[in-house]
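In the two complexes that follow, subunit A is the common piece, with subunit B as its partner first and subunit C second.
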Partner chain A sequence: SFSPLSVVPRFRCLGSLGKAAPSTSQLSSRLYGTLLAPEANQQLITEPLRHPDFFNVKELFSLKELFDARVHLGHKKGCRHGFMEPYIFGCRLDQDIIDLDQTMKHLQLALNFTAHVAYRKGIILFISRNRQFGHLVEVTARDCGEYAHTRYWQGGLLTNAHIQYGTGIRLPDLLIFISTLNNVFEPHVAIRDAAKMNIPTVGVVDTNCNPSIITYPIPGNDDSPLAVELYCRLFKMTITRAKNKRKQMEVLYGLQNKGGGDGNAGSHLSSVQV
Partner chain B sequence: MAAAVRRVLRASRAWSAAPRARAAPGAQTLRLIYTTTAVQKRNVAASGPEKYTEAFIKNQIEEFNLGKRHLANMMGEDPETFTQEDIDKAIAYLFPSGLFEKRARPIMKHPTEIFPKQKAIQWGEDHRPFHFLFYTGKQSFYSLMHEIYGKLLDIQKYEDHLRAQSLLAENRKLINLIGSRWLIKEELEEMLVEKLSDHDYSMCIQLLERLVTLPCCGIEEEYVLKFRRELSIQLKKMVIEPLQYDEQGVAFSTGEGKRKTSRATAVIYDNGSGKITVNGVDYLYYFPVMQDREQLMFPFQFLDRLGIHDMICTVSGGGRSSQAGAIRLASARALCSFITENEVEFMRQAGLLTADPRVRERKKPGQEGARRKFTWKKR
Partner chain C sequence: MARPSWSRAWQLLGAARRGSSYGTGDSLGPGVSPPEPEKRPSSLTSALGAGSRQVPSKNVESFASMLRRSPLVQMGPAKDKIVLGQIFHIVEDDLYIDFGGKFHCVCKRPEVDGEKYQKGSRVRLRLVDLELTSRFLGGKTDTTLLEADAVLLGLLESREIRQKE
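Our next item is the complex of A and B:
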C-alpha cells in the first residue's frame, strides 16, 4: 500500500551546498571514506532505494507493543494543538487518545528513512529537551555511534555553524526529536533551524506539539518513560541494523569487484535480505 | 571616505542563489563590480585567537630543547642536568632588564607553558566528529555532566540492590570532604580546556554535591576527589617560645611589636622589680607623658605582675604614641612565655596580642588630605 514516492528518502539535491561545503565537488562527494569504484558505489547506493522496506523495519514493533508502552496516551483536551486533530483517535474523560494505526504508518516511514540515512553514513543528531530522559537519549546516541544534543540550544548552532564550530564543519544530515517541545512548552528552535538549513527531521509529536514543519512526524506520547524507552530502542535497532547492512553490502560489492563483476548481483542480494 | 575600487568578481551561472555561488566551482562569467577598500580589508580581530598547529608546537619544543643545551654550554653547566631554575637564572644574568613589570622581562620557558592549550581538530577524514556531544558546542563540559550523572545513577542502582537485600543500613560509605574544597571555575576551565559560564559551573558543583549526599557514594570516591583541592591555609597558631635562661640563671624572654612605623623589641627578665629601660634610658625620662607610660604598664597590670618583671627594650621609628604602642605589643608577646594558656587567651581577648593594623592613609590628588576635600565654593 506504500507508493514508491513516499518511500524514497527525500534527500536534497547533491549540487546544493547550503551547508558547509566539502572540498570535492563531484556528485559522489557525499560518500566520504568509501574505497570502492564508482560503478559499485552507484549500485551500493541505489540498490536499497528499489525496495519499499529494504531494512524490514516493520518487524521491529507491533501495535500491541505500542499500546503496552502507552504511546497512545496524549495530553488533556485543553492542551490540544489544532494541527494534531487528524492524528487523534478520540477523547476520553478529557484525555486525548492518539490513533495508533496512523502512528504505525508514520513510525514505519520514519524508521525506514532513518535507516536509509544511516546506511548512507549520514550524521544523525538526537534532540530532546526533556530533563527526565536526557541521559537516556545521550546513551542511545552514543551506543549507535551517532550524536545527541539534550542541553540548552545555543542560537546559531546550525545556522551560524562556521562561527560556532570553525570552518570545514559537516552539519547533521538528520535530526531526531524525542520531544519536540523545549522546557517552556514551545516548539524547539532546532525544528525551524533544520527547516532553514534543509535538514530533514523526524520527531515524536504529542497532542500539544506542532507537527507542521517536521518532515516525518510520529504522533505518540513523549512523556511516559516506557514510551521514550521504546522509541530509543527502536531508533537504536534501526541505525545499527542499517550500518551492519552497509558493511555487508560493501563486503559484497568489494568481493564482486575483485571477482571481476559477474552478473549474479541480483541473486546475491535476494539471499542477503534480512 | 575610502576610494572606490574596481573589482572583478568571478560569478557562476547560478547567480540568483547568492550564498551558494561563491562556493560553486567553475567560474563561467566575469562581472565588473565596484567596491571600497574598506570591504577588502579583512577583519583580523573577528577571526578569533591564533590557532597553533601541532607541527608548530613540536617545532617550538625542539627549538626550546636545543636552546637549553646552548644556554647550558654558554654558562659552563652540564646540559643534561640543566633545570628550569638554572635557565631562569641564566637568562636574568645574560639579559639584565630594568623593567618594573616582571612579566615584561625576557623569559625562556617550555612551549606548553607559553602557548595556551588548544583543542585539536574535532573530526576525522570523513568529517564525522569524534565526540558524540560535539554538536552541543561545549562537548567536554557536557560529557563531564553526562559522566557524573551516569555515576549518580549507578550509585542509586547499587543502593536499590542493597536495599532489596536490606543491607543498606550497614553498608553506608560516605566521602570525607573535610579539609578540601571544590574546584574553582578557573581550575575547571583549565581541566576541560573550554570556557564555562558561571551558570554551567554552578550546575556542575550542584550535581557533584547531590552525588556526595547519597549514602553509598563511597564507590566513586576517587572520581569525586579529582574535583576537590586540599585547603592549604592552616590557622596561624601563635607559637609561644619557651623561656630562656641567661648566665645568672634568670629566666627571660623576648618579643617584637610594631605600631604604625615604629618597631620595638622587648626583653623581659624574671626576679625583677618593675624597672623598664627604653633605648638605654629609664622610661620615666623617655616617655614624659603619663599616657605613654600607662600603655607600657598595661600588659603587666592586666596579669597582676607589675613589680615582678624587669624590661629592657629598644624602639625606633614613629612618634611618641606609636612607639609606646609598639613596646606594649612586644612586651605582651614576651610575657606569653611566663603565663598559662588561659591567661594567653585572656590577653588575646583583651586585644593585647593583636597588632594594630591602622596606618596613615595617603593623601589623594584633588583633595587637601586623605579625606578632607578643598573648600567648596558656590561660585
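Our next item is the complex of A and C:
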C-alpha cells in the first residue's frame, strides 16, 4: 500500500503540487537531469511528445483480445449511470454492452498517457477497492516498480498530505483506477481528491460508474477476473516499456554528449523504435 | 446515437432465435460458438447497419459481428439454459463457478460425489440469471449482488464428447 516512506528516495517537489519550499526547487532543477547537458535533456523530454504514439501502445492489445476478456459486458440496465450512455453500444436482454470501438480508442489514449508519465519518471498509484482483485493490483504495481493502494482510503491522503506526512512530500503524478467504485458502490474519494490536487487520473469505468471527472476514462468491464487481468497486464507492459525506453534514450543522449556530435541526433532517433 | 433502434433490433433478433428449435439439452462451453442458420429477414440486416458486416479482405472482424456471433448473444435469455462452467475457487462447501458470463455463480457442494468437486473441475449448470439485481424502495439505481444465479446439475461426464474450449 502507499506508504510515505517509500516516497522519500524520490525526493523532488514539483511546484504544481502543493507548496514547494524554495530550497527544494533549486535542488529539483539540479536533480532533474543530473548527468546530461541541458540541451540534450530538453530533447530527451520533448522528443516523445512529437509522435502521436511514441511507445506504440496500439500493438499491445487488439479488439479480439478485449472481446475474449469480456471487456464489453456491462451491468444490468437498471444499474446504468446516465453519463455512461455515450459509451454503451446497446442493451441486450437487459444487460448493457459497452462499445468496444470506443474502448479501443480510450484505452490507446490512456496507455499512451501512462507511458509518457512513466517515461518522465512520474509516480503512478494504482487504486482498486475491489477485494477480489486487490492482491493482483498490488502485485502488478510491485512488478512495474510503482505503487498501489487497495485498502481503506483515509480522508486527507492527498488533500492533507503535507500535514499528515510532513512538508515536501511528493504526491503521485498519475492515479490509475482499476475500479472507480468503493465497496458501497459510490465513486472512490480519490477521484475527487485527485481532481482537487490537479493529479490526472486514468480509470476503468463500468456501466454503473461516473466517468465525468476522470481524465482518461476507459469504458469497460471491471468485474470479471479475465478483464482485470488484461488491464493489469497492459498497464504493466506499458510502464515497463516506457521505463526501458527512457533508459535507452538516456544512453543515446549520453553517448551523443560524449561523442560531441549532435548533427545525427534527429535521424538517429527516428530510426529507433521500441 | 440510434440506441433505441439497436436495442429493439437485438430484441427482435432474440425473438427470432427463440422461435427456432432450441432444445434445453444445448450445452455451451465458454468461448464456443455453435453453428447458426443464417435466416435473418432483410429489414433486420438494414437495421443492424454496415458495422455488422465482415471485411473479408482485411480479415478483421468488427465488434458488432463478433458480438452477434458470441455464445452469450446466441444463447438468448439466460433462463433455463444449460452451460458448462469451471470451478475457480472453493470455500469449504461453496463452489465459485465461472461459466463465461460477466459474473461467476456460487453453488453449494452437492451430497452426491461431493469430494470430486475441486478447483478446475468442469461442471454443468442450469442458468437462472446472469446478474442478480433488484430495485429496492427509495433506490435511484438497482442494487447488484455482483453474482450470477445457477443450479448445479453435476460434473461434466468425461465420456461425453468434450467441446473444445
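Rule of thumb we're sticking to: the second predicted complex is superposed on the first by the 239 of 274 C-alpha atoms of A that agree within 3 Å, B and C clash if a C-alpha of one lies under 4 Å from a C-alpha of the other, contacts with A are read in each partner's own complex, and residues count from 1 in each chain.
Everything below uses one rule, namely that a residue touches a chain if its C-beta (ideal position, glycine included) is under 8 Å from a C-beta of that chain, and two chains touch if they have at least 3 such contacts.
Predicted, not measured: the structure shown is a model, and the values here were computed from it.
By the touch criterion stated above, A:189 is placed in contact with neither subunit B nor subunit C. Of the two partner chains placed by superposition, only subunit B is touched by A:151; subunit C is not. When the two complexes are overlaid on their common chain A, residue A:213 makes contact with neither subunit B nor subunit C. Within the complex formed with subunit A, the residues of subunit B that make contact are 19-20, 23-25, 122-123, 125-129, 132-138, 142, 146, 149-150, 153. In the complex of the two chains, the subunit A residues touching subunit B come out as 16-18, 21-22, 25, 32-33, 121, 123, 125, 135, 138-139, 141-142, 145-149, 151, 154, 157, 164-165, 168-170, 172.
The touching residues of subunit A, when paired with subunit C in their complex, are 63-64, 67-68, 70, 72-76, 78-81, 85-86, 88-93, 95, 97, 99-101, 185, 208, 221, 223-225.
Here subunit C touches subunit A in the complex through residues 1, 3, 6-7, 10-11, 14, 31, 60-61, 63-64, 66-67, 70, 72-73, 76-78, 88, 98, 100-103, 130-131, 133, 135, 141-144, 146, going by the rule given at the top.
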